[in-house]
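Look at the two complexes coming up: subunit A is in both, with subunit B in one and subunit C in the other.
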Partner chain A sequence: MNHFIRQLDDQTQRLLWVVSALALSLLPHVTHVPIWIVLFAAATAAWRIAAQMRGWRLPPKWLRIVVVVLAVVSVLAGYRTLNGLEAGTALLVLMAASKLLETKDRRDLTVLIFISFVLLFAALLYEQGLLQLPYMLVAVWLLTTMLMRVHQTTSRMAMGEAMRMTAKMLLLSLPLGVAFFVLFPRLPGQFWALPARAGATSGISDEISPGDVSELSLSSGIAFRVTFTGSAPPPAERYWRGIVLHDFDGRTWRRARGRFSTTPSVEASGPEYDYRITLEPNNRNWLFSLDLPTRWPVTRAFQSYDFQLLSPETISSPTSYRVRSHTQYTMTSDLPTMQQNMDTALPGERNPRTRELARALKTEHPDTLEFVQAVLQKFRNEEYFYTLEPPRLEADSVDDFLFNTRRGFCEHFASAFTALMRAGGVPARIVAGYQGGQYNPMGDYFIVRQSDAHAWSEVWVEGRGWVRVDPTAAVAPERIEQGLDAAVPEDEPVPGRFFGGNGMVLNLQLAWDALNSGWQNNVVEYNDTLQRSLFSNLGIDDIDWRSLGLLLTASLAVFFVALSGWLALRFKPRPKDPAAQAYAHLCRKLGSGNLVRRPHEGPVDYLTRVGTARPELRADLDELRALYVSLRYGPLPMSAQLSRFRFLVNRLKL
Partner chain B sequence: MALFSRLLEPLRQRMRGWMRKRQGDDPDPVVLGSRRIYILPTALGLGFAGMLFLMMIGAMNYANNLALGLAFLLGSLGIVAMHHCHRTLAGLKFALATTHPVFAGQRARFAIALINESRQPRPELELTDDSLTSEPVRLDAAVGEPTRAVVEIGHPAERRGKVRLDRFEVGTRHPFGLFRAWAVLHMDLECIVYPRPSERGLSPPPHETDVGGAQDGPRGDEEFAGLRPFHAGDSPRRIAWKAYARGRGLQTKQFAGTTVISHVFDWDSLEGLGVEARLSQLCRWILDAHAAERAYGLKLPGVNVPPNVGDAHRQHCLTALALFSG
Partner chain C sequence: MDAPTPVPTADAAPLATNTVKQLSRIILGKEHQIRLGVACLLARGHLLIEDIPGVGKTTLAHALAQALGLSYQRIQFTSDLLPADIIGVSIFDRNTSSFRFHKGPIFSQLVLADEVNRATPKAQSALLEAMEEHQVTADGQTYPLAAPFFVIATQNPAYQIGTYPLPESQLDRFLMRIELGFPDAVLERQLLLGQDRRDMLATFTATITPQQLLILQHAVPRVHVSEALLDYVQAIVRYTREAPAFESGLSTRAAIGLLRAAQAWALIHDHAGVLPEDLQAVLPAVVGHRIKFKDDSAARTPAEIGRLVLEAVPVP
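Coming up: the complex of A and B.
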């Protein structure tokens, strides 16, 4: 292959390299643009290379114009706009492909390289993963090399040499690039609104039917990461509150949309937990927080009457926010009647056996807390099983679960428990979120995965307010204390179980996740807040854009000085030999006495001339002349001669 | 475009005057100091900057740090490229090289030696005489040894005499074509322009002045007759290399029987012709005699070149014609 490439002429080689650089920046877009655009680009590239090799004529101008017009029209037809990331990318790819058709001189190749840079940029707008960084650097390296080679006319540099040269230049430019990245003032918010990108929703959905959470638990995908400032709560208190479900139709629990009510006043006690959550994009608008959030960023979220944290926008990119929570709390106000009615409602004729059981238990235990204990006792003492693979349930799902299958996941227990409470006249609701999380010692944070998805209940107890009751804990206390893996039978497909016993794989996974999390938190999420806290860590409080601008200018100046110094060093003339240096010194000395050496004068002629002009120096000059001739042209120059020469030069008085 | 550059011409003139005053005349050799190297972004460089600006705005709007990082990386790469571009010229040494004379009607050519004393190559240099019509000479300055470049001035040297190259420019767009650095040098460069040789036809008058060798012996030529000191123009084949090896200096072998018939081409023999016509005719004779390897001399008013042979002699005679002012 190498041999083959070497045989090609210069122009063909350049074309091949530029096409491959273009391909490298196009590759990340293969999934973003319609397949016909990818095929069109591949076809034009293949045709252009064939045309180059076979010497075909390039298409006439009118044909190229037709192709460009068709491209614009088809993008317009497909996207209804030329604005926005998707349409822009598609148009750019088409432009690059049509540019290939007419590529013949340096200018065309340069335009292609510039388009490739922009494509690379667009790829980063789609995704900013950690793996994007090395890919980007390699692509920039190749593109830069191409840019240099395209502009070479006389120097015949091998590809490897050119790559080395651009690598050096990129390494040199890295410090300033990093300085700009850190120092450049970040603005909160956008300049102009862009059409939001629709993405697939993931994670906990806004309604729960039996089997939903267990299905979600099969995914090892990451829901969010949590970094605690200070201590973390004990495992049994790691309930990550998400949404609250009120409406029950006998099978499915739903959120109460469009209803507003007063928020009960909360009296928190015990330790306050301060933490930052980085949420993976799920294209929903609820935020998770440790039950119960007491302080949250008011610009980013608001709290509903049932203590859900809601974001005004859907979470379509990784988002991080800081929250403070208390795990121990009571409520001092009364339950509004509207909420009371909502949370005791049950669909009329569904689940009759459940109602009957509830009525019996409630008569036996009129106190709310005792009633709760009685139901939990039932789950604990009777034959109920916690499993990831629950059997399908009939239409009256609670009856079927409580009296027939008796095997279920958290949502089965929460659903049955909440229905029992409501049937007994106790206000109850379901909270969906996550429970637990894996500690990553390498980054000192917790990873909460989809497999930690959980559902539990809240009941209203007079005098205490909403009390969290987790019926799953009654059946499978290991789930709460140790996680899913410890709680479900050995043969069930818990995500990550296969590697569970392997320490090295687990450690590698954790290390990789820590790296990703660090990347996400410090680079991708780097914003005005992080910038300010970075500088306050360095002792500069409340840095504003003026001081940042000053620092930027300073770093630019330092970079200029350092770079030109370094280049001057590299371009320094080769050192002369010591005798020539001493002679140059002598010439400088004599030159200051108006006896400048003429360009054509050799040492012998020059020193003779000076000797004639300055007879008082003649003896020394004669000796210097003899020494110099012997030093430069003699068979074996001796260091004694050199030091004598230097001595005489130094002694010379003009 | 042509109109545009014509409108700019007065400005260019002023720039030239300013540079000349600022820099003064350059010695031979001259080393380019970094203070006299000018650098500006090219159209491509401006395009690159525009692209980076748009990238930056876009990245900030999407609050996309990685994309912003790409824009910053490319920006600082541009700055590094600017320094490299400047450095490619800084410290480059220029010396006058032997310039070969031309005949009137040909283009004057000025030979310049570029010496790169650094340890880094200096690629993609362009030498031009700064007239808009001429193509620049492109070359790389290799490390250490002089690299010779010949600058041709755009218009032909029509008249005999001396053509001076008042100024020339050295520039580079290395490495990415985003910037162009250039420097203007004012070295005392001149090229001798010989008279245009007239058409063949008129043969020189049989004015033999020195006929020697015929009486030196009956055995014809190629008999060794002794050594004489070497003169410029002697054939290398006749140099006594053995004597040279013994340290007796350069000597030329003389052979008996070498028939030497030399002409002296005389200005006065061409009465009736104009000055330039006479010079052209003399030029033609000299060229013919040189081609035929005959010895010849030249007589002009105030100039008398005794007969001789060889390239140096030819050059001497033609230069006398070129610079004749009578």
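Coming up: the complex of A and C.
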């Protein structure tokens, strides 16, 4: 292969380099653009290489214009716009491929490599994970190498040598890149934000039917990560509140359509938990928080009357926010009648046996808390099973579950419990979110996965307000204390169970996750806030963009001074020969008018020339010449000669 | 020069000057080329003389051979010349019933390869291989060549009809390539009036004994080379490698050749150490055939190439 490449002429070699550069930068986009664009790019590259080898003529101008117009039109047809990330990428790929059709001289090749750089960096708009990093680095390395090779005219370098050279260049520029990254003033707000992308939603959805949460629990995907400042709450209190569901049609729970302005006043007690959540993109607009959030970033989220934290935008890229919560609280206000009505409503004719049971229990236990205990007692003492694989339920799902199948996941228990409460006239609602989380000792944070998805209930107790009741805890207390794996039968497909027992795999997984979240939190999410806190850690409080700019300029100056110092040291000339210094002095003395020494003129030639022009100096010049030649080029220069030479130079009167 | 000289260069300068003077009586007005030729041979390099026919190439080669007192053979290169015509041939000896190798003209101290570019590449490479290896292999038997062994080759400019120009790799085997050029009008008039050069060659006597030649040759690498001069050599070599106008720069072998030639030049001129001027004097002849231009359209003389290089590199 190598031999084959060496046989190609320069132009073909360069073209091959550039085509491979283009391929390298197209690769990350293969999944983002339609397949026909990928095929078009491949076909153009193949045709261009064949044209080079066979000496075909490149297409005329009108044909190239037609190709470009067709490309624009087809992108417009496919995306209905030329704007935005997807359409922009598609257009860029098409244009890069079309550019190949007119690539002739070195300038075109250079342009193509620059386009490749742009394409490569465009891939960062889609993904900025740690997994992309090695590919990006290698690709930038190769692209820079190819850029250098395209420009190389004097002597052809072996690929290995060129790679080493660019590696050195890139490493040298690394401090500069770091300085720019850390110091470049970051502006607050959305200016730097990535364009929003339409994507698939994931995680907890805005309605829950029996089987939804258990299905979600089969995924080991990560919902969010939590870093606590200070201590974390005990496992039984790790309820991550998401959305609240009010509307029940006998089978499915949905969010309330109405909005209420009155939020119950909360009296928090016990410890306050301070933590930061980094949410994986899910394309929903609700934020998770430890039940119950008491302080949250007001610019990023608002709280609804039922304590959901909602974001004004959908979460399409990793998002992190800081919240404070109390796990112990009471509410002092009354429940407004409208809300009371909403949270006691049940659909007319459905689930008759449930209503009957609720009425019986309620008459037996008129006190709300006792009624709650009675229902939980029923779940605990009778034959109910907690399972990831619940049987399908009939239309009257609560009846079917309570009296027939008796096997269910958290949403079955929460749904049945809430329905029983409502049937007994107690305001109740379902809260969907996550429960638990895996502690990662490597990064000191919790990983909350989709498999931690959970649903529980809240009932209104006069005098205490909304009280969290988790019926799942009555059936399978291990679920709350130890997680899903401990709670469900051994033959059920809990995600990660296969590896769960293996300490090393688990540790590797945790280490990788810690690395990833560190990357996400400190590099990808590096913004004005992080920048400011970084500098306040260094002792500079409240740094503004002016001082940042100054610091940046200063560090650039330091970098270049250091670099030139290093270069100067590395290519330091030998200490100048004293004879050469004295000779330079002599040349300065003699050199005026046309008697200036020409750089390529040797000492004998020069002094002879001067001697011819200035016969009165000839005797001195002859001696000077003999001395200098002996000092500088002779086999045994002597110090006496040097002093004589210096003396003569100084004595010389012009 | 009051510095003592560790090598017997005291004899060298008069000997060389004498030789140059003798040669100048035959080749008029070409003293610089004659000095270059002598320096080349003292530096143990092969010499290539290139010019149009009739300006005295062959005469100079002849004269050099005679002045140095070496056994010499002349090979006229023609398009039907075979390698065996150069190296020799094995002939069956009836008496001993075995093959006997008859040595060719290459087995002499000085070989004059006349019009070397008129022979086919096959014949050329037979000569050039011998130049490189200093030995000849025929029928599986290796025969060493004479010592000293020189080749002086003459060639016509490449654009003439019926020539096979030497490839670069083979040109590199010649330490120097010199051009003669026309003599000026006054000297040409003398030539027209004067004796036939061939007759003069016949009466020409050697000015150096083989013993003296060996001493001189041994003295060449010992001529002092200062750090300052090595800087200059390296600056020149680096320039030829980096200048965008050149396809390829000087090799290390070429750099060594350049230094040896400058040393020989210094020896001839009785310099205790090599001066920048010595290097400048030999440089055109040494690098002229080794530097290839990117833009091949204009043929350049060694002098032009030399000036191009020298004027670009300051003397350190």
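Remarks
Here is the rule we use: the second predicted complex is superposed on the first by the 561 of 654 C-alpha atoms of A that agree within 3 Å, B and C clash if a C-alpha of one lies under 4 Å from a C-alpha of the other, contacts with A are read in each partner's own complex, and residues count from 1 in each chain.
Note that a residue touches a chain if its C-beta (ideal position, glycine included) is under 8 Å from a C-beta of that chain, and two chains touch if they have at least 3 such contacts.
What you see is a predicted model, and the numbers here were worked out from it, not measured in a lab.
Touch criterion met: A:599 reaches subunit B and subunit C at once.
Looking at the superposed arrangement, the partner reaching more residues of subunit A, out of subunit B and subunit C, is B. In the superposed pair of complexes, A:570 makes contact with subunit B only, with no contact to subunit C.
In the superposition on chain A, contact of A:147 is made with subunit B only, not with subunit C. In the overlay built on the shared chain, the residue A:545 is in contact with neither subunit B nor subunit C. Contact with neither subunit B nor subunit C is seen for A:385 once the two complexes are overlaid on the shared chain.
Once the two complexes are laid over each other on the shared chain, residue contacts for A:647 go to neither subunit B nor subunit C. In the superposition on chain A, contact is made by A:629 with subunit C only, not with subunit B. Residues 153-155, 574, 599 of subunit A touch subunit B in one complex and subunit C in the other.
Listing the residues of subunit C that touch subunit A in their complex gives 1-6, 224, 226-229, 241-244, 248-249, 271-277, 280, 310-316. Listing the residues of subunit A that touch subunit B in their complex gives 110, 114, 117-118, 120-121, 124-125, 128, 132-133, 136, 140, 144, 147-148, 150-155, 157, 165-166, 169-170, 172-177, 180-181, 184, 186-187, 190-192, 194, 523-527, 559-560, 563-564, 567-568, 570-574, 599. Put simply, subunit B touches subunit A in their complex at residues 27-29, 44, 47-48, 51, 55, 57-77, 79-81, 83-84, 87, 90-91, 117-121, 123-125, 138-140, 144, 173-177. Residues 153-155, 574, 577, 580, 599-605, 626, 629-630, 632-638 of subunit A touch subunit C in their complex.
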